[in-house]
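Same chain, two partners: subunit A is paired with subunit B first, then with subunit C.
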Partner chain A sequence: MKQKQLVYIYLLFMAFALPSTAQAMHISEGVLPPQWAALWFIVAFPFVAWGLRDLRIKSQRDPAFKLMVGLVGSAVFVISCMPIPVPTAGTCSHPCGTGMAAILIGPTLTVVVSSIALLLQALFLSHGGLTTLGGNILSMGIVGAFTGWAVFRITRKLGLPVWSAAFLCGVVSDWATYATTSFELASALHGTSSFLKMFAAIGASFMPTQIPLGIFEGVITAGIYQFIMPRRPEVVECLGVEKPQPVIESNKAEAVV
Partner chain B sequence: MSLLSEIFSDLFARQDNVLTRVDPRTKLIVALGALCAMIFSRTPLFPLAVLALCLVATIAVGVPKRLVVLRLAAPLGIASVLLLLQSVMAGTTPLWTLVILGAKITITREGFSGGLLLASRVLGGMSVMLLLSSVTPAHRIFHAMRALGAPEGWVEIAMLMYRYTFVLLDLTAEVVSAQKVRLGYAGMQRGLCSAGLLGGTVILRAMDQAVATNEAMRVRGYNGKIPLGPMPALARCDAWILGGSGVVLAGLFFGTEVLCR
Partner chain C sequence: MKKVFIGFLVLAVAVGLTFLVVRVTPKWEGVDDTVVGKYAEEAGRPARRAYIDTDRGDLLLFFFLIAGVAGGFVGGYCFRELFPPQKKDQA
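On to the complex of A and B.
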């Protein structure tokens, strides 16, 4: 009986108290014990190395590519700081941006860009941390980017329109990021209690914000992609995303800008 | 966005004081050492001592208290939640029992001490990074990272990203103001549409900026690599600071561990 009451109180607490801290989307400094922090660094390292290898090869072909990656990374970093209202929590949170970046510059380079963005956020915004950088790169950079990119490619191959593929990419990359973060937190913090119970509890704590936020991120990713594709077909082509669409006239929505 | 720019800026790191004059490699190694020691500590005393030292140093070098509070607000929230969760979820030995809405909540001794340790590590770690970023400009941190073995391409992208984040933050602030004036965020649907347009505009401007920057750098001899230049050998005083800081950290670490045994 006590256990059941505790679970109810816990879920109630999670639903109302945790969303206020949802702006800190990364695992904070000091949360991961040394062995887990080291493990996630070891897991993340090959992906960062892979991304840097890709960067070197592509920038040897075109020296401007490195600048393009840096600037697009910077833009995605700024977008990830944009507040999005989360009505279920009554607060604001912000998108991960990795799905968008994975479509634009590819998943391996997104890992590189994410590792830098995470370091900058840890140093200058107090989001995330240095010892937890490996864990955060894994959840946001690797899992977020690769799942988002895979979803985009698969849905495009299945014949879905670009906007819906971008939408699904945004949604899945966001949810995958948080599922991985929950996994990392649960595996590090479950102690003597059950891992699955802790995983479910942390997952439940993210749900009030992440379900709507993932959908919103999907909508924004679709909006961004739809906005860019027709206007910069040559740059999009240069980044290797896909065949460009014809240039369109400015639409009604653009007037808002 | 202006608040974000203010927090994100390394303005205070460009002042001239005792800590800004220290070699960035020394500061980086000491900061990493403190962070590692913190996650190895088994008592909250060490992280709390580091927190106190860093806060005093941050305020002493002239960082406004308001900015310190802003930077530590999110970690403080996380620390509180961690303390509460661990107290309720972990451990078996009851410490206090609270009755809320007819349900009993038992705070356990093991959970509370574990939560306190985690919370102190979060706050201590964040204070170390706050101090490091308050006394070292971003480009010097990247330069030091390169000197300590970070890959060249990674450091170049990091420098570019940091530099152009401010340009794009300014642009974002302008576009958001324009959208707000035109009621772009009146209602959920319009807000989401505006957010998509804002994101698209920021990425397009970033692409344009990349093309312009490439042209500008090409005429200055850019061939795909930003020359960082070698760092001078560590000065004797910096080596002493490094050694002294190591001794202080080790003393503090082992002292607090023994004290709590």
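On to the complex of A and C.
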């Protein structure tokens, strides 16, 4: 119990432990008209509720699971605030960390930790906004997590090595997040002009920064996965993505003796 | 020898990237300004200031310091539980 409380405190304090108010994919306060802001809240709500239900069920099964969820939540918070200069574009942007989180704790729980991270960023770091929280949860938490998770599962089933599956998961989840942000902005702001034209224009504006940054996120995802997998294999096994290590026959015999 | 080579490579990449970032002259604005902000302003919906604006002087730095110390302590305290040592006999 004490350990759990410590992790929650850790998650809360890590919310402040960042050097600047970097902003990138987050849609800022006041940008979305009220009806669009409300729509994205309505779309995001069932996913958050689904994630909270999953968290309760999995925590009842294995209380230590909450520790990993807390740690991954901290990582998502830090990664999604980390400004990285992209020399090819002359701008700064940030990775999202939701692809990595989706591999480790599953997409539904990633929605929960992303929502908490985005809420704390909006409240304390002027990063994103309270009125645009639904839209930001949809792009980063829901689309980023589910896309990354799907890519990881499919590529593993196709027989790709773990590191390359994790790399592709990071890349695609990052690009999908920014594509969704473009969609949200275009649908809310296109006015009388063409939606498709504005969507393409916003997407194209993101590309010089996000193409290299997505590749960077893929490298981060593969690296973190390679670090965690040998130490906490049960975390990924419980998602059914990786099969448990078979017990070696000689070990079995030793156990019997 | 391999470790020295990797260390040298990492150092070279870090120096190269730092050189690029410092020498190239853009403002390094976030894409929210260059992309989101641009299209939002064109549509007549510029971003407004945050409802809780903590970006005042060195106040944020103070919070970062306190939170970094507390978070680092708790993270270190739980580290062994979160990342148990790798079992070498499983290989």
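Keep this in mind: the second predicted complex is superposed on the first by the 201 of 257 C-alpha atoms of A that agree within 3 Å, B and C clash if a C-alpha of one lies under 4 Å from a C-alpha of the other, contacts with A are read in each partner's own complex, and residues count from 1 in each chain.
Rule of thumb we're sticking to: a residue touches a chain if its C-beta (ideal position, glycine included) is under 8 Å from a C-beta of that chain, and two chains touch if they have at least 3 such contacts.
Please read all numbers here as calculations on a predicted model, not as lab measurements.
Looking at the shared chain after the overlay, A:Leu120 reaches subunit B, while subunit C stays out of its contact range. In the superposed model, A:Ala102 lies in contact with neither subunit B nor subunit C. Of the two partner chains placed by superposition, A:Ile137 touches none, neither subunit B nor subunit C. Legend: residue contacts after superposition of the two complexes on their common chain; A:Val162 is shown touching neither subunit B nor subunit C. By the touch criterion defined above, A:Val111 reaches neither subunit B nor subunit C.
Counting the residues of subunit A that each partner touches, subunit B and subunit C differ, and the larger count belongs to B.
In the superposition on chain A, A:Leu39 makes contact with neither subunit B nor subunit C.
Of the two partner chains placed by superposition, only subunit B is touched by A:Ile79; subunit C is not.
By the touch criterion stated above, A:Thr181 is placed in contact with subunit C alone, subunit B being left untouched. Touch criterion not met for A:Val172: it reaches neither subunit B nor subunit C.
Shared contact residues of subunit A, touching subunit B in one structure and subunit C in the other: 6, 9-10, 13, 17-18, 21, 23-24, 28-33, 64, 67-68, 71, 74, 85, 87, 122-126, 129-130, 189, 191, 198, 201, 228, 231-232.
Against subunit C, in their complex, subunit A makes its touches with residues 3, 6-7, 9-10, 13-19, 21-33, 64, 67-68, 71, 74, 83, 85, 87, 90-93, 122-126, 129-130, 181, 185, 189-191, 198, 201-202, 205-206, 209-210, 228, 230-232, 245. Those residues of subunit B whose C-beta lies close enough to touch subunit A in the complex are 4, 7-10, 31-32, 35-36, 38-40, 47, 71-72, 74-75, 77-78, 81-82, 84, 86, 88-90, 100-101, 103-106, 114, 118, 120-126, 128-130, 132-133, 138, 141, 151, 153-154, 156-158, 160-162, 164-165, 168-169, 172, 175, 178-179, 182, 184, 188, 190-207, 209-211, 213-214, 217-218, 222-224. Within the complex, the subunit A residues that touch subunit B are 2, 5-6, 8-10, 13, 17-18, 20-21, 23-24, 28-34, 37, 48, 52, 55-56, 59-60, 63-64, 66-79, 81-82, 84-85, 87, 100, 104, 112-113, 115-117, 119-120, 122-127, 129-131, 189, 191-193, 198, 201, 216, 219-220, 222-228, 231-232, 235, 253-257.
Residues 17, 20-21, 24, 26-40, 42-43, 45-55, 60, 63-64, 66-68, 70-72, 74-75, 77-78, 81-86, 90 of subunit C are the ones that touch subunit A when the two sit in their complex.
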